[in-house]
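Two complexes, one shared chain (chain A), two partners (chain B, chain C).
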Partner chain A sequence: MEKTLQKSPESKAGKLIAVVLIAALYIFLYLLDNVLPPNSFTLMLIPVLKKGAIYSLICVSMNLLNGFTGLFSLGQAGFLLVGAYAYSIFTIPADQHDAVYQYFEGGAIRFSVPEALGRVLGENAGNILGAILCIIFAGLVAAAFAALIGIPVLRLKSDYLAIATLGFAEIIRAIFQWNGLGPVTNGSNMLRKYTDFSDIQIGSVKLATAFPFLISMICIAIIVLLIHSSYGRAFKAVRDDEVAAEAMGISLFKHKMLSFVISSFFAGVGGALLAMYQTTIQANAFKSAMTYEILLIVVIGGIGSVSGSCIASFLYIACNEWWLRFLDSGSFFGISVPFFRDGFRKVVFSVLIMVIVLFFSRGIMGDKELSFAGLMRKHKKKATGGVEGGGQA
Partner chain B sequence: MSAFIQANLPYLLSGISVGGQYALIAIGYTMVYGILRLINFAHGDVFMVAGLVMVYLTTAMPMYISIPLTIIITVLLGFTIERVAYKPLRSAPRMSVMISAIGVTYLLQNCALYFTGGLAQIYPTIPWLSDSVTIGSATTKMVTVVTPILTVVLVFALVLFIQKTKIGMAMRAVSRDFETSQLMGIKINSVISMTFVIGCGLAAIGSLLYFTNYPSVIPTSGSMPGLKAFVAAVFGGIGSIPGAVIGAFVIGICENIIKGLGSSWTIFSDAFTFVLLIIVLLVKPTGIFGEKATDKV
Partner chain C sequence: MSEKKPVLHVENITMQFGGVMAVNDLSLDVPEGQIIALIGPNGAGKTTAFNCITGVYEPTNGLVEFCGLPMVRNHPRGKMKKLYQGKDADKYAHDPAIAPTPDRITELGIARTFQNIRLWKSMTVFDNVLTAKHMRADQNVFSATFRTNAKEEKRMRAETEALLVEQNLLQYRDELAVSLPYGLQRRLEIARALATSPKLLLLDEPAAGMNPQETAELAAFIQQIRKEYDLTVFLIEHHMDLVMQISDYIYVIDFGSEIARGVPQEIQNDQRVIDAYLGVSEE
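This part shows the complex of A and B:
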């Protein structure tokens, strides 16, 4: 996905390596979903991969706003919530409505898009197409919310913008939990039984892990293309100096709005994927703490770096759900450590995050991008080994 | 009017009480913002930690020691946070400091989660404060009556402190112009530390009063009061102490009246605060008592 100014042989080879690695990744995901028998290793790996892919998209969408346009917004949880609900409301099978909306007499919306399509196209195709349509719909609903919120909010600056978007996220959460909307949103009860990753398959090929990767990768690719377009350059100009950008003829409000709406669209898509991953959702989970978590991942990856956000998402999720689990378990390689108990992992994690925020404020990538061409050039220059690769975008 | 008051007396009373508690938190926000131009997101969590410290201290020692000790520990915590997390970033962009504040929030909540083991900690009953009193047709706890009085007394003392003492004068100077006051020989770091000490001390007192009304403390119980107190500070005009107090009372009373409207509206009592915030930011961003800031380009 990297664009370099001159077409050097390295950039060509770099592209080739990227394509090969992506192909290898999908072959691996295919094997993981279909061939490899589940064991304790894959049981940890698969959720990490799924959630990492989803968080990559969410973090990149936040980075587009905070890192590339310089709008410090803390409303991400609200847009995730909108996306998650917009997706799941329209994919609950008709015969499950009475069970899910048990307090609201089966709810107001009594159809499911995957099911309706499934009647025409067959169950599997209906599920995939229906899920994709609903994911796009989720993004559009989140974008529409953003367009409405953006009109008042984007006139504010820096920390006032942050607190106002945070406020709107809380208002959205309250609206979705309101009993008056219960027939649609199920009030403060959870939504479940909708189409999730395990329903996604083509023929007998399961795509449970490959599907979130595919969607995230397409979305991140679109964001990268956007960043490299003239709009992206305008976003960066607004970030670097609003007054100078305005003097150059860039309409501040138009570009801020554009960035806000696009970022929210992808946040909505991310919310829909998150709903698919979790298999149940509840508005109560989308609190400001969720936004803080996403913001901290973006900071770890480097504000203004797409590949940094992706790497940080996978690292964060892997550490949180897998590698640092031993900190909670009470023992370390069989030696029992008394203060290793539930929650210690999170404490270690937050200390690490504080260290990064205070001493390595540029994060993993700073505002640079991971590119195989760049890595190869560095490799040639230094002629030293141990170059790591494997970023996905 | 009197019928309305009669019907809503319990909600009005608890509104005034909660408002006073928000006011004590809001002062910490408004003073820090006035001086550092930083939304100290961690302030609400310092408030929560004060509640937890109180829970743990009362299991080991009598009330008359644990209450002052809670305030001292909270003040030390606020001082440490400022020195460790904000001081190194003094010349960094404003957003970095805010990210650092969010990091501190995350750290404090996770530490609280670790130490409590995720269980809600039962808040001790403070004698006298928890006694019930009857006012008109409503029966409430003593804390409802004590809070507004104590708040007004503390705010009055604080305003005197800021107007009359040397360090108070230094605070006013720093909030007016950071660089110039530094050139005039004001020790910025001690002024900022003093701000955090006062803010956290008041937050600790606020937490004593606030949690007396609630059965228990959980790691996230500070975030919502914190945000509301911040909104109160914005409403009153950030940087202004009387403004923050009035804003806090308005928010406390309104949110409790909304709770009184009926069970389906309760969910909006939190959202109301943010609606108010957005209206204030759009109509009068400087708040009720805020000074008009000239935006220098």
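This part shows the complex of A and C:
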């Protein structure tokens, strides 16, 4: 199918539109970070964009496992936690250790990768390179955890796998809060002062919003490449029919493990980005509710659709953090509405989700992908796919 | 039988599920280049025998050799091992258990189809065959993801294309595999098995649910692929006419045990077979 797509003129035009949209997106992000004055609109927009980009990556990584390999895993919060901690611990500046690890005599690890690099390359370059290195390191640590627990856990099927991975995530959270590990993890206290998005800049150009977009987009592009490779097809074969896959020479354990480890790697990267976004992290926040939130986005977007996960991430985050906020505020366009009070947003939100699940029983995208070529073929004049979809077309 | 070394050698295979003896002390040889059939009425244990050969089950007792290489052996730690007190109970107990998984066995060169067609539902005809080439591809997850070995992918696609042409399936290449008519799904499943470059092809009731016309076509098809791909074919079937027409040698089992073996003529005139099989048959 790919082959035929590449030849058609729509596909060429579609690619061009995608490239133009991505370029436009980054120009917009540049303006947002550097030129546009902060007002009430951009103050809401910027966090939603950042968090949406990060959640896109996290949801796509979960979709790789649940949607494309058919492994129903609920350990995502655990891998996010591992990634977030692995990132933060190594980016806290040395002179901040006494303040951050105040109950553990300044902690055991007393160096910061961005700082060490900054001494050689200058502060900005050190921050960017250090952050990227630590993000990759966060992914690797999460992947290593996945490889370890995958050996026993991946022998389980469906519901049992879900329960085992959920249990793993809870155990990890408990271990990270344990006082014995305090010199490294700061126990149940929060980690802070590490390199975050506001530290990322080249010269005087701030990249606070562009950075998470860039990292997410690269990671999602890698996942898409993987899905369209021979290994991606093998993953789908395992999902569709394990018995047939094994009979055709596809090792179940090897491919399940690969998918699990790769998904966890990107979850770890997502966790690191989430830590950068939040500027403080605490193990207690990575509860199973977080996994359900991610699962919810994956289901709304469509199990087995990368672009669906991205679109749903932005919609979910925007609704949750922005568009439905007025429901909590007690007034609507200046008119006071008595039942618009704290928590009402959640009620409306639940109803909305139920409506989506009822009317789009397979999610917004099903298992299809958003592509501008496809859109053009269907409705020649309706080639407006939204900014967030541009990265995957 | 033949003087040539058998491609598949099955020795005293026994498979016990609790108190049920699904396969009882079955021995057979599949010589190179021939079409060998295993027949028997419903529930005789044919598919169980297949599953033992392909590593889906670990047999309670016995040995399977492929090209002289011991491939599946009873598992000394297997649950049923202690309970099994039948013939040759000790013969295979002390050898190391190999028990490779089905994917390893396919890698060695045995491909199979399934009684109830098991195509990958979400994939197109082309992708179904292409995915079966995954095992033999010279690649790892990095070279595949970052397209550093694009030649390999190209080669796989070209080979798949060629295979679809040979199997007359090219016109359906972009259709979902499950949307094909039944007979074509069977043929696609065989094409997918061929994509793994097997030496031995195991067909589990390839004619199930086919009308006489389709069955006749299938017979010609099996003989044709045997010749073209230099294959040895071992099939399970209970369509007597198909089996009689194409087999070089036939084994008959009933209630897990062998009741007869011989060339088609002998089997047709064997009174035990007529009693056990044709007499009981519903058709």
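Basically, the second predicted complex is superposed on the first by the 369 of 393 C-alpha atoms of A that agree within 3 Å, B and C clash if a C-alpha of one lies under 4 Å from a C-alpha of the other, contacts with A are read in each partner's own complex, and residues count from 1 in each chain.
In the analysis below, a residue touches a chain if its C-beta (ideal position, glycine included) is under 8 Å from a C-beta of that chain, and two chains touch if they have at least 3 such contacts.
Everything quoted here is computed from the prediction, not taken from an experiment.
A.B. asks: Figure out whether A:L258 sits in contact with chain B (first) or chain C (second), or with both, or with neither.
C.D. replies: In the superposition, A:L258 contacts chain C only.
A.B. asks: Output check: A:V120 vs chain B and chain C. Expected answer is one of first, second, both, neither. What do you get?
C.D. replies: neither
A.B. asks: If we overlay the two complexes on their shared chain A, which of chain B and chain C does A:V35 touch? Say first, second, both or neither.
C.D. replies: neither
A.B. asks: What is the contact status of A:I250 with respect to chain B (first) and chain C (second): first, second, both, or neither?
C.D. replies: Only chain C is touched by A:I250; chain B is not.
A.B. asks: Once chain A of both complexes is superposed, is A:I335 in touch with chain B (first), chain C (second), both, or neither?
C.D. replies: In the superposed model, A:I335 contacts neither chain B nor chain C.
A.B. asks: More chain A residues touched by chain B or by chain C?
C.D. replies: B
A.B. asks: Per the contact definition in the header, classify A:F344: touching chain B only (first), chain C only (second), both, or neither.
C.D. replies: In the superposed model, A:F344 contacts chain B only, not chain C.
A.B. asks: Scan A:D367 for contacts with chain B and chain C and give back first, second, both or neither.
C.D. replies: The answer is second: A:D367 touches chain C but not chain B.
A.B. asks: Quick one: classify A:L43 as touching chain B (first), chain C (second), both or neither.
C.D. replies: neither
A.B. asks: Would you mind listing the overlap between the chain B footprint and the chain C footprint on chain A?
C.D. replies: 243
A.B. asks: Touching residues of chain A toward chain C in the complex: what are they?
C.D. replies: Against chain C, chain A makes touches at 1, 3-4, 222, 225-226, 229-231, 233-234, 236-237, 239-241, 243-252, 258, 262, 304, 367.
A.B. asks: Within the complex, which stretch of chain B touches chain A?
C.D. replies: By the definition above, chain B touches chain A via 37-39, 84-85, 88-89, 92, 94-96, 98-100, 102-107, 109-111, 113-114, 117-118, 220, 223, 227, 230-231, 234, 264, 267-268, 270-271, 273-275, 277-278, 281-282, 285, 297.
A.B. asks: In the complex of these two chains, what residues of chain C are touching chain A?
C.D. replies: Within the complex, chain C touches chain A at residues 54, 56, 101-104, 106-107, 111-112, 114, 118-124, 126-127, 130-137, 139, 141, 144-147, 153, 156-157, 174, 192-193, 195-196.
A.B. asks: Using the touch definition from the top, list the residues of chain A that touch chain B in their complex.
C.D. replies: Within the complex, chain A touches chain B at residues 72, 152-153, 155-156, 158-160, 162-164, 166-168, 170-171, 173-175, 177-180, 188, 243, 287-289, 292-293, 295-296, 299, 341-344, 346-347, 349-351, 353-354, 357-358, 361.
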